[in-house]
Amino acid sequence: MNFFLLSLIKTGLVAFVLLTTLAYLQWIERKVLAHIQLRPGPYRVGPHGLLQPLADVVKLATKEGVIPGNANVFFFLFAPFLAVTLALTSISVIPFGPEIEVFGVKTNMELTGVNIGVLFILALSSLGVYGIAIGGWASNSKYSLMGGLRSSAQMISYELPMSLAIAAPLLIVNTLNFRDMVNAQSGYWLGVIPKWNIFAGPFPQFFSFLIFLIAAFAETNRVPFDLPEAESELVSGFHTEYSSLGFAAFFMAEYANMITVCSVATLLYLGGWQPLWPSSLGSDFVAPLIHFAAAGMLFYHGGQTVKSRTWDRFSFPAFGVIFLVVGALFLVPVLKPILIPLFWFVGKVGILLFIFIWIRGTLPRFRYDQLMRFAWTFLFPVAIVNLLITGLLVALQS
Amino acid sequence: MPMPASFVPPSPQELFRFAPEMLMTVVATLIMVMEPLSAPEGKRKFAVMTFLALIAGIVLTVMGTNDPGTAFSKMLVLDGFAAFFRILVMVVGLLIVLISTNYLKLEQHESGEYYAVMLFSIIGQCLMVSANELIMLFIGLECSSIASYVLAGYLRDDKRNNESALKYFLLGSFATAFLLYGVAWIYGLTGTTNLSAIRTTLLDPTNHPNLVMLGAATALLFVGLAFKVSAAPFQMWAPDVYQGAPAPVTAFMSVGPKAAAFAMFLRILMTAFEPLKDRWEPILWVSALATMIIGNFAALRQTNIKRLLAYSSIAHAGYVMVALTTHSEIGTAAAMFYLASYAFMNIGAFAVVTYVARRGEKHVATQDLSGLSQTQPLVAAMLTIFLLSLTGIPLTAGFFGKFYIFKAALDANLIWLAVLGMLNSAVAAYYYLRIIVVMYMQPPAESAEELLAPSAGIRVAILCTAIVTLFLGIFPSFVLDFAGRSASLIR
Amino acid sequence: MPELPIALPAHVPLSWYLILSVILFVVGAAGFLLRRNIITVFMCIELMLNAVNLTFIAFSHQLKQVDGHIFSFFVMVVAAAEAAVGLAIILTVFKNRSTLEVDEVSSMKL
Amino acid sequence: MPTSVLEAYFPVLVQVILAAAVAAGLLGAGVLLGKRVKNKVKDTPYECGITPTGSAKERFSVKFYLVGMLFILFDIEAIFLYPWAVVYRDLKLFGFFEMLLFIGLVLAGFFYIWKKGVLNWAAEESPQDSQR
Amino acid sequence: MNLLNILLIVPAAGFLLTLLLPKDNPGLVRNFTLFVSLIAFLLSLGLIGPVLANPQQLSFESNSPWIEYPSIRYHVGLDGLSLWLVILSTFLTPIVILVSWKYIQKRVKEYYAFLLFLLFGVLGVFVSLDLFLFFVFWEVSLVPMYFLVGIWGHDKRIYAAVKFFLYTMAGSALMLIAMVYLYNKSGTFDIPLLMDMMAKGRLVLTGTEGFWLFMAFFVAFAIKVPLFPLHTWLPDAHGEAPTAGSVMLASVLLKLGTYGIVRICLPLFPEASHQNARWIIGLAIGGIIYGALVAMVQPNMKRLVAYSSVSHLGFVILGVFTFTQVGLDGAVYQMLNHGISTGALFILVGMLYERRHSLEIADYGGVGTVAPWLSTMFVITTLASVGLPLLNNFVGEFLVLQGAAERNFLYAVFAAVGVILSAVYMLWMVQRTFYGETPDAVKNHFSDLSLREWGVILPLIAMMVWMGIGSSSFLPAISASDSKILSVVQSKAPVAGKELANAR
């Protein structure tokens, strides 16, 4: 098949999935947070608030996009544009699964497999600072400026331990291409322990993973590192002056970045789409089983619903059916090679995203000086020590 | 794309050739690490450390001369030429440390960074003079330059320092960009960055590099190099920078980085671009002459000693350019000798300026020297020696420096350049004499009363440089033989 | 299989890169000489260095060597070091003079 | 697999265009759909209802500059690790010690700035805090 | 270590030792330097015998390498030509030390140190047989003079000192280039060797080369002489220098130029000397007359004497470029004469200045009545300077005129005009100063010669007389040496008509 056509198709597909995920990621976050705090969360718009994202978009779109006086209009608008563009672009080098064959066409489950994928992601995430800094500066507001500055300083500070942390697994896999990286993580120690970087190698990259995760929180301005938008101090940080879809754009960029970093973490440390245990030991059945279990739970709850939630009597079973069907799809031989790796990948990313949300619901915010000191005087040295130990062990091994 | 196929770890021999730089790096790093831990009154030890490191560096370099050769896959070449300049820049470092200690104390800016940064600059210069690769050369150059930018603005609350550093930085980086662009084109045209390999490529008759491109590349390279050695028409940064920087730093900048830059210039000319020497000659000729003339004539009008010496430094760069123009081993040896003698006499002069300028550098007008011969006769006498040497009066190092350069010029049949150069040095006599006049023939200024005796460091520095200046003026062979033997570069 | 009408060349000709680098370099140099704001001037220098990098990479690619890559690596590093020092210097200048105009930072004349 | 550099990056280009389109669409929709009412109070920067004083673009703490500079330096050094990491297994222990040297130098610089109090954001007013 | 080397070391060592003496004890400094200079003088007397025994050859030669590359040798030696100039220098040094005894009150130590250093420099120039060494000493002699004028001179001393320095520097820059060019051509700086090579045809200079090299050397020397119109530094330097400085300048330093011409220009570039002789003679005669005329209108005694030097040195140049034995002998002899008599004049003017603190002739008058001995001495010296028979200048001038006449009678006529004019301005000055009415300022302040001053002036007067009547003690050695040089020059004398061709 023509390469270009294929590229266009894949791009469209990925973009659709990504945008949908983004929209619902927010819904999930609200839901999870709500449940952590023992409240229902979005509930009104659609069943269990499922249409809430759509409603939000409509609401924001119809609001007035205020451009404050004395603001630099071009940069004021350019900042969210840049943020979204960069955030959405990152996904292009991330592979979701192995090589597959669809309708006789062999292709990789990714948009493109550039040989410097890691660098590409790092470069884009560095550029992300611009969106925030420019936005804060162009608003001509003190809160915005301070928020932008803080955010930039924080992001570049955590970029450092992050890139050092990434270097450690690279020592083991010796490639900058994500696909090669995942392939290098295939196989199992003693037949059961996966050779993911977080577990295996001459030196398990557990610390590296933790550092990466922490830095990722900071990079995406998530709690406990959401100082830039610390409401109590800076109103809303760098996007204080943004309203309407400008605000939405920054929001979207944040969630897109979250997905990207979680994907990268999965690829670097968690073996990408490699299953947790060998398929010979039945890992292929995890996906359908989980779905079936979920369907079962939904059916059960659909029967148990209290009076006030009469709607759920219909919606729960309906969702149960969907889960059932999806679970069944995993068993179809033609789709199996596509869906099983995708399941593992999405599952790992999903767990990471859940951790993001979970932490948001759990931890308080850092003080700014603590935050900076933590990056420079703790994460940075630890990352270097980890790197050196890894290097030494790899060198001794080879 | 082929990766470097096999990594051969450097042999101990190669490591030893690199030993001075390694040692200095270790010490400089150590100073940086110790600096924040040391009490404000305990900064003196850093000067001592720097001093010892430089001495050890010199010893190692001298030991290394027994075994010349290349190191690190021909990135570095340690020949006599490199050894000569390495020793020179390290000796310069020693003298500057002597001058600086008291200055920094007076300005209440004593700190380890100063010495560490200076060591880094010296390391960069050592790399520059021994680089056999444009990459290495560039790294050395930048290591030296960036450290110099910092030094130039060392007293960060001083407006003149700021300005000096800013100008030095902007114009220096500008020059670097030109140099690099030239290097990039050379690389593209010859396919290599190794100086000897470039020469081989250029000599190869089967190879037809695009001459227009090559010319452009050479011109770019020249712009960059001329900037670094403050040769016309790219000399304009020097006066402001030299005037604004702290006096010891000015002394340092006017000899250390300059000598290294000239060494680099010489090496490039004598190895890589030897096949193109005819093309270089007219440019160098004109530049040399213009540099001398601009330097000397502009210096005539100066009333600030530092600025005067800055212009004089430009003029002296012009003399060395004359040696470069000759493009011969004799010329190389002459340039080496000249740079060595210039280093001593200029540092000596600056040591006196540092001393006379006093705290805050309030006394840097030529008039502030008036009557120095009565208040501090010995210092005045020494400064006289330096100035006479800068003028080129026999029995001082400066005379033989000029003599050898103009001799080399005549050898190369550059008669007019030699004649004009000599006449220039007669012009130069005027402004140097003016300082002597002020010192000896005018009554002491009022402020001269409060001039305390020079500190031990300055005293040692002045004495040493004066002795060397005279020694080289009477027995030039001591250095010249070495320079002559080292002038043949390993190609 | 349907072919799209667009066809990308196998590689971009060397001269395109070089012309671009020349343009970048000239723009940088001209900016350096003409602009009066220190930061702008400084950025012009960075632009020139990037032109250099581009040239190195292009040549390196053409010659199928890694030397140029290595060189550009060092150029980047040095540019970073220069940027750090330069920004520090500019900061102190700004602190002492409250201006970023090159012409106003000139107290030393004849 | 892509066969040439251009092919490798073509999807990236497509993705960039798509992303830009999404972003532009988003902002454009906001402009088209939202209504516009301008008035002076609305145009002032948001400061919790208090009338803003002075320019928003004034000078801010030098710490931010410092962090910027440090980032430039250390990040470049971090980037140096990547090519090294990729060929690490070919270099063996030699590569390790070379990098140990390199990182050692970086750490020396790091130690320096740490002890100089650059990383201490809380100590802006009280320098003696850095002695803690 | 022969006597000549010792003679060179003595003033140099004396200079260094003087610097070590305590600053606050001027008496010690004076006595010490006087002692050193007397030793030097006595040593120099020891040179006479051996040189006179064999004036054509070099005596006291020592030749050892100094710098290997380019081959520079410490090559010194004496012949009849340089002998008397060496003795002149050593003879005058103790005298000027004595002259300065009272006059110099500030920065005494440095002053005397510089005088010894100056002696070292000029001795070096006179005895050097290596071009490079010659140059080194040439420049070295410049520095102490510069300080002598600049520190202890009169009001415009700085201007004068700098001017003096720059003029000489500019000239010597050219000279150095020429030397190096010659070295590149021949591989040696050694003057006898160069002459030898030329004689044997191993070193052949083309017409153009010869011309430019000659010019480079000649201009350097002519500035020092000074030859009209390069003389403008001289009245300033002489006029502003302290007495001792003027004396050393006029008596010794100017001789460096003429000595250089005879020692280097003539033998090394005989063809060029011939080609250029005409206009040089023209300038020399111009200088004689110009110097005399300007001297006539000088209100300042020192400047008057200075201009008279221009005039007198014109004679020397004239004599040299006649290329006749008598002319050359006379020129060399005139160098010595001028050294003695003009030196004495300056000393006497200095004595007047010490008493009246003015150099303006108008401030004086009738000094003869208050200080008869001083006046007598002054008149004798003036007469010597004017060229009265039986006194020294007469011999020199006569010989030069004779040589000039041999060459072209017109030269002699014009030069003779100079002699007459010199009588006019000199005597006129004497008349205005020593005769006529005595102003009160003069009357009250004048004392006659002190013992020290007698000690200073008597040797000079004695020499004037001796050289005037006993010229045979000096001339044979001179003529023996310069005949050697002359033979080289004459061997290259152009045949008529060839001169034009060579010039192209």
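Letters A, B, C, D and E mark the chains as written, and numbering starts fresh at 1 in each.
Heads up, the rule we're going with is that a contact is a pair of C-beta atoms (placed from the backbone, for glycine too) under 8 Å apart; a residue touches a chain by one contact, two chains touch by 3 or more.
Computed from a predicted model, the values in this text were never measured in an experiment.
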Path length in steps (a step moves to a chain that is touched) from subunit C to subunit E: 2
Touching both subunit B and subunit C (chains): D
Maximum centroid distance from subunit A, chain identifier (CA atoms): E
Top chain pair, ranked by number of contacting C-beta pairs: A-D
Most centrally placed chain, judged by C-alpha centres: B
Length of the line joining the C-alpha centres of subunit A and subunit C, rounded to whole Å: 34
Chain centre separation in whole Å, for subunit D relative to subunit C (CA means): 20
Separation of mean Cα positions, subunit E and subunit D [Å, integer]: 80
Rounded Å distance between subunit B and subunit D, as computed from the means of their C-alpha atoms: 39
Subunit A, residues touching no fewer than two other chains: 4
Shared interface positions of subunit B, touching two or more other chains: 3
Residues of subunit C defined as touching subunit B within the complex: 18, 21, 25, 28-29, 32, 38, 41-42, 45, 48-49, 51-52, 55-56, 58-68, 70-71, 74-75, 78, 81-82, 85-86, 89-90, 92-93, 96-97, 102, 105-108, 110
Residues of subunit B that touch subunit E when the two form their complex: 373-374, 377, 388, 391, 393-395, 399, 403, 406-407, 410-411, 415, 418-419, 422-423, 425-426, 429-430, 433-434, 436-437, 440-442, 475-477, 480-481, 484
Touch list for subunit D against partner subunit A, complex: 1-2, 7-12, 14-16, 18-20, 22-24, 26-27, 29-31, 33-37, 40, 42-48, 52, 56-57, 60, 63-64, 67-68, 70-71, 74-75, 78-79, 81-82, 85-89, 91-93, 95-96, 99-100, 103, 106-107, 110, 114, 119-122
Residue ranges of subunit B touching subunit C (in the complex, touch as defined): 1-4, 134-135, 138-139, 142, 146, 149-150, 153, 156-157, 159-160, 162-166, 169-170, 173-174, 176-178, 180-181, 183-185, 187-188, 191-193, 239-240, 243-244, 301-302, 307
Subunit A - residues contacting subunit D, complex: 3-4, 7-8, 10-12, 14-15, 19, 60-66, 68-70, 77, 80-89, 91-93, 108, 111-115, 118-120, 126, 137, 139-146, 149, 152-153, 156-157, 159-160, 163-164, 167, 170-171, 174-176, 235, 240-241, 244-246, 248-249, 252, 368-369, 372-373, 376-377, 380-381, 384, 387-388, 391-392, 394-396, 398
